[in-house]
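Shared between the two complexes below is subunit A, which pairs with subunit B and subunit C, respectively.
Showing the complex of A and B:
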């Protein structure tokens, strides 16, 4: 029986892999079936994961269960639970309350209240990231670009010196001209436009290198699937 | 003979043969490696934290300084509220400064410490530090310059917003990808095909998603004006909700609330490639005339952009993720690179609030550019001709831009 399921698993995975690959030819019922299975199963899977990780794992364990037990004990006159320890965090009720407000979309008359938690998320995200981005993308970057363009510390030989000078120039020019390109308050004309163009060259060279690197890593993913089909499934690769 | 036997019996207790305990034999065989204790053990509250950390420093044992390998490690002992000592860490010798950061402490507890130098079979403890509690500081003065520069940028934003509201015309340079938005929506209208808007695969806690939704507001408004169809598949439930609100508001602003439908914005799955499979399916079946790929993208960027290219759609891509930008540049007609994505909403809307914010950010960039030029020139002159004044400028600038 175990061998049967092992074979079934192999054939099913191969069937679904080929179904997704069939999209390379054109949209077809096999791809549609595979797509529907993928979307349906993954949506259900993520619902379960988020429920157990967030609702149960964080809110229920962290505050909900204790609070409800406490309320029930107060209402029924039963023995109240012991005082909360450090694992109980009543701030989680704020998140739960905001989550509850989201569900008010299901009640058309007061559905507008569901915009409040959205506003909270958008506002707090903007505020939190503002300083993070400012610190990492502006302050640290500016500090790291203050490099000597030539120095006796680079080395005495021409090779060492030339390498270091070119490296320092690339860092300085690349960062500065990139900043000029992303400066929106001045038209890209004259010297400013020329510097911005240098910035674009730096960006495109970086993107080109990144493109090649990422394509190679994607090839390894393709090789992994082909290895599965030809090796695990068909046994053609030993 | 008798005298020899007597002498042997007399020495027997000291010979080891009379010992029953094997450990005792070892103790007699192994010499104790006595080491001096560390000195000047100082515990200080860690500055500018939430009151959770105490920093310890000490001067190493004299034996550690004189004989390499004699002291094997330093043991940190913590005493909480006059309780018993707890071993909290072993710090190896010879790997750097003699210090230890004791973290995850409580402000309402009293701590004292001692450090012991450890040899192979001996432990020499220092004196105990004075009892203390970690303190919480409300301001991190290490980041005062960050605060000041953020204040200058924030103040500039407010100034520019006020100026724009008073009617001052604020200049923003042309952004090619955004000039094409109206044209792309018009093309979809003429062809009678829908517009697909993909807001990336991250949730609302990513600024790129927020930027995408801001652009969606403007695009939806044009779509509502032209009476074209929009379809927006999402991979996060919150993005779906926010997307619906945005599109609905745009249709209301255009005076066509009756044309809006919740079906315009739908959720598929949180699973990255499940979502991609679904969006690819939508692309080849619905054949949208225009595809917007704006937001946070990962490995799916090329799959989506290539499928859009394959169906012949005009594509406007944009992300702040450097690793994905090459794919959009290769497969899309227009690409919003990094900050252009965030500038897009201000550019498109022309609203004083957003334009002011864009101009304020430019002030930040101008500060950075000036600092980079001054810093690089100063450090170069300082190093090449050893000019002390230039070294001072660099040290000061490094301090200003430090974000410790």
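Showing the complex of A and C:
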């Protein structure tokens, strides 16, 4: 029986893998079947993960279970649970309340209330990002770009080698010219336009390198699947 | 009421989270952690909406016997299969040996890995069209992509094996990633940072209202 399940497991994964690959030939019923399985399995997977990790793991364990037990004990006259320790955080009820408001979308008459938790999430994300992005994406990056040219740190003297000096110059030039390119409030003409053009070349290198990097990561996934088909499934690679 | 309240909530909460950054005292010093927890819980509720929507659309297709209703039925069945098993397993659902783990390893991983791996073929065909060296900019992009790709596979160093250490394709790929790529990436990141700051301000001040919808 164990051998049967081992074979079934291998054949199932191979069936699904080849089903997806069959799209490379053309759209076909096998691909559509595996695509439908993928959609259902993915949605179900994330449903289960978010239920157990986020709802149960955070809210239920962190506040919900204790609160419900306390209320039930009060209502039934049973012995109340001991006072909450530091692991209980009643502020988690705010999240549960927001989540409940979001579920009101299922009730057409009062579905508009579901905009409130959305407004809360958008507002708080905006407030958080306003400062955090400015600090991490603007200030930290600008600081990392404007480093001492000939010293490894301020006050250490001339201790950098030629490679590091050239590298620092390239990073400064590329970042500065790239930012000039993104500045659209002034016409890209003259020296400004020339600097912007240099910026375009740096951006092209960035896009090219990122593209190459992405291709290689996809290739490694592809190699992994082919390795599965030829190795685990067909046993052609030992 | 339906538009004003969400705008007010957005503004008050947004300003509170900005102020939080400058006040290192209770309750502001706990707000990051609270927000992360609240967001997680709301996420869990939002997936319920998403899943119900998926089931509703698929069920309508099956009931109406519309084109492709068989695939809609497969979506419902596979969703129910992994969800029922995952919920029945309890909070240790991910432990090796559980039925949920079996489905994850033998269905979810092969499907998602293959789905993303076929992008390699589409990227290759897209690059064939985009990478033709039609002008200087496209040529630079092409060269950078070529060196990064060839520098990340063993054959790259085999080809440049006669060169001294530090001057092979892999070293060139690392140099491109460390310097010119970093420079361009920083310009983009700073641009994104400034864009996020201005968009956040617009949202908090109620100038940007897309998130509250257009209806009453």
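Operating definition for what follows: the second predicted complex is superposed on the first by the 218 of 238 C-alpha atoms of A that agree within 3 Å, B and C clash if a C-alpha of one lies under 4 Å from a C-alpha of the other, contacts with A are read in each partner's own complex, and residues count from 1 in each chain.
Here, a residue touches a chain if its C-beta (ideal position, glycine included) is under 8 Å from a C-beta of that chain, and two chains touch if they have at least 3 such contacts.
Given the structure is predicted, the values throughout are model-derived calculations rather than measurements.
Trainee: On the superposed three-chain arrangement, identify whether subunit B or subunit C touches more subunit A residues.
Mentor: C
Trainee: Quick check for you: in the superposed arrangement, does A:34 touch first (subunit B), second (subunit C), both or neither?
Mentor: A:34: touches subunit B and subunit C.
Trainee: Kindly classify A:182 by the partners it touches after superposition: subunit B alone (first), subunit C alone (second), both, or neither?
Mentor: both
Trainee: State whether A:152 touches subunit B only (first), subunit C only (second), both chains, or neither.
Mentor: first
Trainee: Taking the superposition on A as described, I'd like to know which of subunit B and subunit C A:141 touches: first, second, both or neither.
Mentor: Both subunit B and subunit C are touched by A:141.
Trainee: By the touch definition at the top of the document, which applies to A:23: first (subunit B), second (subunit C), both, or neither?
Mentor: Both: A:23 reaches subunit B and subunit C.
Trainee: Can you pull the subunit A residues that subunit B and subunit C both touch?
Mentor: Residues 20, 23, 32, 34-35, 38-39, 41-43, 45-46, 50, 102, 105, 115, 118, 121-122, 126, 129-131, 133-134, 136, 138, 141-142, 145, 172, 175-176, 179, 182, 203-204, 206-208, 210-211, 214, 218, which sit in both footprints.
Trainee: Within the complex, which stretch of subunit B touches subunit A?
Mentor: 146, 149-150, 153, 171-175, 204-207, 210, 238, 241-242, 245, 267-271, 273-275, 277-278, 280-281, 284-285, 299, 302, 322-323, 325-327, 329-330, 337-340, 343, 347, 358-359, 362, 364-366, 368-369, 371-373, 375-376, 378-380, 382-384, 394, 397-398, 401-403
Trainee: What part of subunit A is in contact with subunit C in the complex they form?
Mentor: These residues of subunit A touch subunit C: 9, 12-13, 16-17, 20-21, 23-24, 32-59, 62, 89, 91-92, 94-96, 98-100, 102-103, 105-106, 112, 115-124, 126-134, 136-138, 141-142, 144-145, 167, 170-179, 181-182, 199-216, 218-219, 221-222, 224-225, 228.
Trainee: Going by the contact rule at the top, pick out the subunit A residues touching subunit B in the complex.
Mentor: 20, 23, 26-27, 31-32, 34-35, 38-39, 41-43, 45-46, 50, 102, 105, 114-115, 118, 121-122, 125-126, 129-131, 133-136, 138-143, 145-153, 172, 175-176, 179-180, 182-188, 203-204, 206-208, 210-211, 214, 218
Trainee: Taking the touch rule as given, give the residues of subunit C at its contact with subunit A in the complex, in rising order.
Mentor: 2, 5-7, 9-18, 20-21, 30, 32, 34-35, 37-52, 54, 68, 71-72, 74-83, 86-87, 91, 93, 100, 102-104, 106-108, 110-121, 123-124, 127, 136-138, 140-149, 152-153, 173, 176-194, 196-197, 199-201, 203-204, 211-213, 216
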